[in-house]
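Pasting the structures here.
Presented sequentially are two complexes of chain A, the first with chain B as partner and the second with chain C.
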Partner chain A sequence: MNVVSFIASRLLQMVPVLIGVSIVVFLAIHMVPGDPVELMMHGRATPEGLAAARAELGLDQPLLVQYWNFISGAVVGDLGTSIVQKAPVSEVVGERILPTVLLLVMSSIFAIALALPLAIVSARRADQPIDHAIRLGGMIGFAMPPFWIGIVVMLTFGIWLDWFPISGYGRTFWAHVYHLVLPSFTVALFLAPILLQSLRAAILDVMTADYIEVARAKGLSERRILVKHALRNALIPVTTILAVNIGWLLSGAVVVEYLFSFPGLGSLLVRAAGQRDYAVIQGLSVTFAVLVLVVNLIADLACMAIDKRVARA
Partner chain B sequence: MHLSDPAKAVATAVPLLEVEDLVVEFRQRGRVVRAVNHVSLTLGQGETLGIVGESGSGKSVLCRSFLRLLPSPPAVVTASRISFNGQNLPDLTEDQMQAIRGTDISMVFQNPMGALNPVWPIGDQITEGEVVRGRLAPANRRKRAIELLTRVGIPAPELRVDEYPHQWSGGMVQRAVIAMAVAGAPKLILADEPTTALDVTIQNQILALLMELQAETGTALILVSHDLAVVAESCDRVAVMYAGRIMEIAPTDRIFVAPKHAYTLGLLGSIPRIEGGDQALEPIPGQPPNLADLPPGCPFAPRCRFASSACAGADMTLREVAPGHFSACIRANELGGVA
Partner chain C sequence: MTAIPTQPRGRLLTEITRWPGSLKIGTVLFVLICLAGIFAPWLTPYGPNEQDLKNTLVAPSLAHPFGTDNFGRDVFARVLYGIRINLPFGIITTYVPMIYGVVLGALAGYWGGWFDAILMRILDVTVAFPFLVLIIVIVAILGPGIHNIYIAIFLTAWTMYARLARAEMLVERNKDYILAARTLGYGTGRIVFRHALPNVSNSSIIFSTSDFVLNIMLLSGLSFLGLGVAPPTPEWGAMIAEGRDFLFDAWWICTLPGLALVVTGTALCLIGDGLAQRLGERRHALV
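And then the complex of A and B:
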């Protein structure tokens, strides 16, 4: 199977998943106790006002019709209107996708830069004191809530050392990167322990493979064996683990974005939830679902690029 | 041609490999497993030595210890001498050892399916050693790979050189591994059960290939095998291992015609013979000893039909019972009539 038809079939497979997600999100919002319109208006509206608002939002129609309206709008990119911001949800959400993607990319780069050397040292010195120290550090990092990590990072590098901004996003690309340093670093600290642990395990596993001994028997240096023969194979399970954990990573990013007042999907979600901006919450949920699916697709493509056997399967 | 002439039986004047008093132990959690126990042997230039023995007798560990491939810890290797081509291998640094691996001494392993890295093209893997050593310009890599694959009988190598291991059969991969082993023009090839994982028909082809390459290049070969028939066909001399020791070492024809160790007799009794179909196969009764708790004296004594009380205190050094024929059995001379 070639790459194009693989991608096409995977995109097709996303359709039922997204329909499922939309149903769950739709039902969740409509089943929760309390009338969204009343909540939205903070109980200060007249009955006429409520009815008018319901009619405007289409909330007076049967559930099935409402869902149909939602889904038929969604396929053409219309996710409804944000009552709070008085703007189309697609716009409100759309302008925040790039910052969040940027945050995720930079966090991943930081996390890899952090975890890869440590995992190599840990695996090369397995069960020696340095390995135990690294793994203990990883465990401590793993146990820290992202909010706490964020506050420590913010205080240390943002306020005490005053190296990087602690909020905002900037206007140019490099300003974005500059503003992203601390939030990304926080997410990286949160992500690195998982990466470290899975990389270490994968390297140790690969190093017992027959072809590693064959590589040794042909006179390669340990360094070359690790870099050329072990790491590439070890990246395959790690990529999968990362993709599986993307939802968890996003949940960390949400908190961190909020903490750093970063204009991404996460801080929008926190705000929309506080304001009961249902259309936005709905739109965000679908966006997150698409993000997760796309990341998984990218991970599969990466595995295919690394290992030709995967391409055939 | 393969059955040795007596001149070859005694190792030639300048041996290629001389191993003296080699001991390999695995020390783990307070347990000491002695996998190779005071092994001494000599291998001449271009000679083929077969090593046979039951599973767990230390054949693979012995071969790996020459190349310093055993993981340490837990492996602890000691030897008075492992002299190869005038160098004492235990004295070499890790870098010097790396320079010997794949060039002076190559190894072919038992399981071809795991022997190649799944994520690199086969051609790149068989030329990697030469490229890394600067003996081959990267630009000539593909050409050299095709040349090597041709040498080991891969059909249409120019079409297959860029393929990945999963696209090849076990027999073909083993050919590629052999190509990799001969690429550096080694003086010694250690073949650790190179055919055990393959179909019977393929086994013969691979063995024939090894023999052919050996005849072409004059490299020495240590051929480890479970299969006495394989060894009988292809080796000048045979060493019989049991519980980490060499029990008997002799020219091939002598081992089969006049074995001088009770264990060898037992092994011969347990191979199927096509002629004499009425002759029942008798496996050696009992189990090999626990390598973490070896009995004193002859380790085979507890299973031996001919054991006497003296065996438990036997001196296990090899004694020459006939020219070039060494046995550790204290009753070697009484065994003559049994075969």
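And then the complex of A and C:
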């Protein structure tokens, strides 16, 4: 199967999932006890005002018509209007996609930089004291909630050492990167234990394969075997593990963005949830679902690039 | 957790001696945490909401091992009473969805057909959604509070167990003992629940310890975001959120309750690691 038809078929598979997500979110929001318009106007509006707002939002139409309006708008990128923010949802959500993507990319790089060396040491010295120490460290890391890691990181590197900013985003690209150091380090600390565990297993698995035995028999050094032969094959699990954990990564990012007052999708979600801004919540849910699906698609393509056998399968 | 189905009675002690070190240490830690929660009133002279406005923001000392917060409440006492909120929440939100998740997954794997197809589509939709995002959306719709978090978790948490049990059932249903049971004319219920279930629930049991950690983290995370337990309650995440305003002057208010989360989580991870080893050995011994 060539790459183009692979992408096309994967995009087609995404359609039913997206429809499912949109139905769930749409129904959930419309089954809310109480009238969203009344809630948003804090009960201060006159009956005429409420009716006008409802008509403006199309909330006076039958449910099926409303769903059709939502979905046909969403396809062309129109996600409705936020009453709270008084702006189109696509604009409110759109300007926050890039910061979150940047956060995810930097966190993944940090997490790999942390987990890979530890996983190699752990696998090479399997069941020795250093392996036990690393695995225990991984468990402790797994048990640390992201908002707590964030507070400790903030306190240490932001306040006591005063190396990096603890909030905001900056204006230029390098300022973004600079502002992102602490948030992405926090997300990385949260993600690394999972990567570490799966990577250790993957490397152990690869190291017992026949071709590694052959390489050993040829008299190659252990270092060369590891770098040239084993790591290349362990890269595929890393990519898949990162993709599988994208939901996990995003969950961590939501809390961390809120903590560092970072202008991303996660902090927007928390704010919209607090303000009961249903239009934004609806738009964000679809955005998150698309993000997860796209990341999985990219991961599959990356696996194909690393290993031609995956492409043929 | 100790209800391993193939275990004959009266052999619990010999079973414990065979446990890997991590399982023993994790279990001891976990039991100690449970006991600390049960006997909290005997372990500290302070109440969780007892204010002492003359002694606010006191640094950790002998009288106040974890210091006091901005209302002069003893942080250690609040952490101890917090066990009574976080642990039962973790147990319920982990093991209730596990029961129906495993049953649904096992049935889907055994039957296949339309039941399996519908279940898989539902799983596809929930997987495309980051777990926390889904829960925040549900809580935003239903309103904050611990009851709505229960509902949100019950709606979402079973999917992973269903996935695990289904995958194991697909392998298990072709094995000889299932065929034998079918030849004997046993009904689906008996085959799935009495024969296959003990064998398809291993990975779910192992996963449940990580899930437990994630669930107490979730409650704390939501409380931290202001969507969970309301402030005066001594919930760990809510305490961390309250302490955040005093990060500069009183680091102990928000860091030390987090330590309670870390210790509890590590104990559960150790149990999970040990269970994976022990159940893996058992499986090899049986095959």
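As a convention for this text, the second predicted complex is superposed on the first by the 313 of 313 C-alpha atoms of A that agree within 3 Å, B and C clash if a C-alpha of one lies under 4 Å from a C-alpha of the other, contacts with A are read in each partner's own complex, and residues count from 1 in each chain.
Assume contacts are C-beta pairs under 8 Å (C-beta built on N, C-alpha and C of every residue); 3 or more make two chains touch, one makes a residue touch a chain.
These numbers were taken from a predicted model, which means no experiment stands behind them.
Novice: Quick one: chain B and chain C on chain A, clash or fit?
Specialist: Chain B/chain C on chain A - fit side by side.
Novice: At the CA centre of chain A, how far apart in angle are the CA centres of chain B and chain C, to the nearest 10 degrees?
Specialist: Once the two structures are overlaid, it is 80 degrees.
Novice: Please work out whether A:213 is in contact with chain B alone, chain C alone, both, or neither, and reply first, second, both or neither.
Specialist: first
Novice: As a test of reading the superposition: which chain, chain B or chain C, is in touch with more residues of chain A?
Specialist: Partner touching more chain A residues in the overlay: C.
Novice: After the two structures are laid over each other on chain A, how near do the C-alpha atoms of chain B and chain C get, in Å?
Specialist: In this superposition, no C-alpha atom of chain B lies closer than 14 Å to one of chain C.
Novice: Just which bits of chain A does chain B share with chain C as contact spots?
Specialist: Touching chain B in the first complex and chain C in the second, no residue of chain A appears in both lists.
Novice: Inside the complex, what are the residues of chain A that reach chain C?
Specialist: Against chain C, chain A makes touches at 16-18, 20-21, 24-25, 28-29, 31-32, 135-136, 139-140, 142-148, 151-152, 154-155, 159, 246-248, 250-251, 254-255, 258, 269-270, 272-274, 276, 278, 281, 284-285, 288-289, 292-293.
Novice: Write out the stretch or stretches of chain A touching chain B in their complex.
Specialist: The contact residues of chain A facing chain B are 209-211, 213-221, 224, 229, 232-233, 306-309, 312.
Novice: Which residues, counting only chain B, touch chain A once they are in their complex?
Specialist: Its residues touching chain A are 67, 69, 98-103, 106-107, 109, 111, 114-120, 128-129, 132-133, 164, 166, 177, 180, 184.
Novice: Mind listing the chain C positions that touch chain A in their complex?
Specialist: Listed in rising order, the residues of chain C that touch chain A are 121, 124-125, 127-133, 136-142, 210, 213, 217, 220-221, 224-227, 237, 240, 244, 247-248, 251, 254-255, 258, 261-266, 268-270, 273.
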